[in-house]
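What follows is a set of notes on a single structure, which appears directly below.
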Amino acid sequence: LPLPISQALAASNGSGNLAPNVPKWTLTQGEPILSPPYGHPSRFEDGVVRTPTDLTPTKTSSWSFTPLQDMNGTITPNGLVFERHHGGVPDIDPDQHQLMLHGMVEKPIIFDMAEIKRFPQVSMKRFLECSGNTLTEWKQPTGKTVQDTHGLLSCCEWTGVRLSTLLRAAGVRDKAKWILAEGADAAAMTRSIPMEKALDDALVVYAQNGEALRPEQGYPLRLILPGFEGNTQIKWLRRLEVSDAPYMTREETSKYTDLMPDGSARQFTYVMEAKSVITFPSGGHTLPEKGFYEIRGLAWSGRGKVTRVDVSVDGGRNWTQAKLEGPVEPKALTAFRLPWRWKGGSALLQSRAIDETGYVQPTLQALIDVRGLNSVYHLNAIQTWEVSSDGGVSNVHV
Amino acid sequence: LPLPISQALAASNGSGNLAPNVPKWTLTQGEPILSPPYGHPSRFEDGVVRTPTDLTPTKTSSWSFTPLQDMNGTITPNGLVFERHHGGVPDIDPDQHQLMLHGMVEKPIIFDMAEIKRFPQVSMKRFLECSGNTLTEWKQPTGKTVQDTHGLLSCCEWTGVRLSTLLRAAGVRDKAKWILAEGADAAAMTRSIPMEKALDDALVVYAQNGEALRPEQGYPLRLILPGFEGNTQIKWLRRLEVSDAPYMTREETSKYTDLMPDGSARQFTYVMEAKSVITFPSGGHTLPEKGFYEIRGLAWSGRGKVTRVDVSVDGGRNWTQAKLEGPVEPKALTAFRLPWRWKGGSALLQSRAIDETGYVQPTLQALIDVRGLNSVYHLNAIQTWEVSSDGGVSNVHV
Amino acid sequence: QDEDYGLGREATDKEIAGWNIDVPPSGEGLPDGSGSVPEGKEVYQAQCQSCHGADGKSGQMDRLVGGKGTLASDSPVKTVGSYWPYATTLYDYVHRAMPFHSPQSLSPDQTYAVTAYVLHLNGIVDEGTTLDANSLPKIKMPNRDGFVRPDPRPDVDAEACMSDCKSGK
Amino acid sequence: QDEDYGLGREATDKEIAGWNIDVPPSGEGLPDGSGSVPEGKEVYQAQCQSCHGADGKSGQMDRLVGGKGTLASDSPVKTVGSYWPYATTLYDYVHRAMPFHSPQSLSPDQTYAVTAYVLHLNGIVDEGTTLDANSLPKIKMPNRDGFVRPDPRPDVDAEACMSDCKSGK
């Protein structure tokens, strides 16, 4: 009998798994189900992981970045959501976790996790961005990749109870204007939240992209304040105290305040303003040849929906409106895409988001003109990637 | 000096981490960032995993179930997406994976992965359901949990290129009516896809919930046919052959055909009809006390958007419209919720989905009246969970 | 919309030949070669019966033989013989996926032969049969006309009664 | 909408006392006890200076001392002394989060004392100072009025020019 086709072809061609050969993984059974029961990415994606900052002297008060340059779509898988902790990730037994709600309320209450999960539930897809995202980019282009420059950014479907529902259960007193939110981590992280936000769209969540919150995202309970700077969205949430005044915690005085050129500092700058970034092609990518590419990126606004994204390939001289992936949700990452033909030579790629308030993402110089170079947080400027004539892509200022 | 507050309280109260004590995880630094770089769930969620069927003699042609009873929201995290393979999960090197498109086309083409990723991209959140989902439930209630009864169901944001874009690149001939899609796994899984579907909303995807497809979901490339039975959405996609006739593969003759009482069998029953299931409370849950609970579940339709879900607590005698979580996307899992007060005693919980075509999810008896008991696939009947007077919840037929 | 993206390259005939393994009812793509029932018995005993049983009925894995006349009964038995509409599917599937642990390892002759043998066990071809690219597609399977298309669903027309409904069924 | 879900239970005063550790500018919640600058120096040397330096300026971790007059310069130095608007924040933060590896381990006396010492290093209180629940909230920090509220953003009014725009800046 002659050789079977697959072996004959394998013998006739050196290039292993490419056509006309039948690849080796077709010729034998693969891995069984539940390999493992909770799955993980292919080993060929081992490079797609969060990366550390090198700016912090400890690794428990530190941050790590989401690998945006390798991602597609608008959901951040839970394993890649960026981290920012001030006292490490606690290992909390949910049966021994409580939420205390007290202060200027009719009835102070303690909830256990099972009780919190029984309240009416809502889910919403919302972005999460550290207000320190992009902070290395004020003076010169520093990050090599979009993970370095914009990786303190993620977007998940969060599920939990509206904070307003819990507040009504306790009965908020008339003069109450602020809420202190406190975490159960070693930093006992605290921020003051305006009552208006608490009664608007604030959530107390226990689930993230369908499953329980991840430990580094506040398991078993965290605050979600859609569109607010990440630090306010207290993780490992254990306590909410209602008050008539802000608490002036270290994270809203020493940190997360924005120093202006005159020496004054802005305080309670909560909202993450409209921002966008091209994720493909972006720093570290290489275009293999001239021809068709789709320019792709993400846009978001803490004030509501992104209504438009423009893209420039000449450093901001001319712009074309990109296509947005729908449904566009408020305060959520929104994917934009624009077809492009790279003709070789250098190109300067930029994107510019516009949100439903009409706010237009500014240039870096426009921000610096107002804020100087020492405000640290809230750099939401237009990012430029230069494609050089060899196809390499790098971070530049124009 | 007196004892610090936290130690004084710890000494005064035996219950460790509960108020007024400061929990031990607050009193010491937690884990550093990147513990690990690609994150995983809390150890306290170790029970939330996919579970195997016990119906298959091998573990490489087998399936595993998504733990719906422990989940919230509409996204299935990639590690929990149900599995159904016929030759195990191949370990494919994406640099050695190709897609061949040939047959009744002007120009047969081979793409490598890098080329496929350069085509214009789309993302959409769509459900995936095996047409064998719920097959154990025709004759009597069998599964204990909603993972057992409905766990061949997941929903992800898929990103890739429209199949129609690839077909246009090859130039489909006039008489072409079908496409054979083939996988690179050991089953070389094949199904015939109608051209109409291919040109409508079919996708060739490489990303799932933001990151690369998981190995058990077809890494590096799979077909997504929104609303069609899962088996047609060929994983590890390596070949598309265009033809004027269906191929009559084993999976569309011997399997995935629906035997009627008269001995005839329906073939090419692709669409997953409107279906819903209550995930809380569901089989295996226990209600700890009388009082307020929110009835929660998922609804979906392969024909488009879910427009309404009704819930009954008396076994189908009286129904109340539940609230749907928006934005409702077509052919995507849609969360529904209804407040409920359990007064003790027995209750029979049911949900009923209605889609934009006006189709109403049927009772099991209505299906059996038409299809008998041996059609195996496409059981989309109303599910009943009985809450007994001790708060236990179990699977029943009414 | 019909933009030429310039992506991908033309597949060569040789590349296509290596991967184009399917065998549709027309028989298109069936390779040269042939196999007889006795040859198939040898292949079957060496490579199949450990899983599917000596008689094709008693193995741990899918039953391949019997069940004729049971499809309309309460306990239908669906096999190659009782249920499969095309013999080409048997060739296609055995070559692509069997034996389970060495898919695509059978030569064309072996595949024709074991196909003939499984059909013989089902009483569809007699012991003297030899199958090849010409004869295989011509076999008329017993349940050839047993399949209904297109999909007749929706096949139930439920109403969304809201109160005082007939409970359950 | 204001349905009583009957979930959760009333927190007792004792439970609240155990967790209600914050110290806002009003001083509400400051415990009994007191601490002096010299006592604070002892605490600091034993528990703080390994990370923050003997002078509060030269440690591996955050600088706690100095920087006055630099806020409007090109190289601002933000410390407790130059930047923090409230002394209560220092008490609050040191008690809740310091020393880094043993948060909430300092007694009220120790916390008052080390707070006094850090303020003294910054020249805000003199060596003879003893702090307690009464005196701490009254300290006027140098940069008390340095903060602007409410948030004045949007603070740039970019235009979405589409063609022939002034590139870049």
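Lettered A, B, C and D in written order, each chain numbered from 1.
Going forward, a contact is a pair of C-beta atoms (placed from the backbone, for glycine too) under 8 Å apart; a residue touches a chain by one contact, two chains touch by 3 or more.
Since the model is a prediction, treat every value here as computed from it, not as a measurement.
Shared contact partners of subunit A and subunit B are C, D.
Among the remaining chains, the Cα-based centre furthest from that of subunit A is the centre of C.
Between the CA-based centres of subunit C and subunit D the separation comes to 74 Å, rounded to the whole angstrom. Averaged C-alpha coordinates give centres for subunit A and subunit D that are 28 Å from one another. Put simply, the C-alpha centre of subunit B and that of subunit D have 49 angstrom between them.
Shown for subunit A are the residues that touch two or more other chains, namely 19, 26-29, 58, 87, 100, 110, 118-119, 186, 188, 238, 292, 339. Across the assembly, subunit D contributes 5, 7, 11, 15-16, 19, 21, 100, 103-104 as residues in contact with two or more other chains. If touching chains are joined by edges, the resulting network of the protein chains shown has some other shape, matching none of path, cycle, star or complete graph.
The chain pairs satisfying the stated touch condition come to A-B, A-C, A-D, B-C, B-D. Interface of subunit B with subunit A (complex): residues 16-19, 23, 25-35, 37-45, 48-52, 58-60, 62-64, 70-81, 83, 85, 87-94, 96-98, 100, 110, 114, 118-123, 157-159, 184-186, 188, 206-207, 209-212, 214-216, 219-220, 238, 288, 292-294, 296, 325, 327, 329, 335, 337, 339. Residues of subunit D touching subunit B in their complex: 3, 5-7, 11, 14-19, 21, 31, 33, 100-110. On the subunit A side of its complex with subunit C, the touching residues are 1-7, 9, 19-22, 26-29, 291-292, 339. Residue ranges on subunit B touching subunit C, taken from their complex, read 57-58, 61, 86-87, 100-102, 107-111, 115-116, 118-119, 168-169, 180, 182, 186-188, 190, 238-239, 241, 243, 245-250, 253-254, 257, 259-271, 273, 308, 310, 314-319, 352, 354, 359-367, 369-371, 373-374, 378, 384, 397-398. Those residues of subunit C whose C-beta lies close enough to touch subunit B in the complex are 1-2, 4-5, 7-11, 15-16, 19-22, 24-26, 60-61, 71-72, 74, 76, 78, 80, 83-86, 88-89, 92-93, 96-97, 100, 103-104, 146-169.
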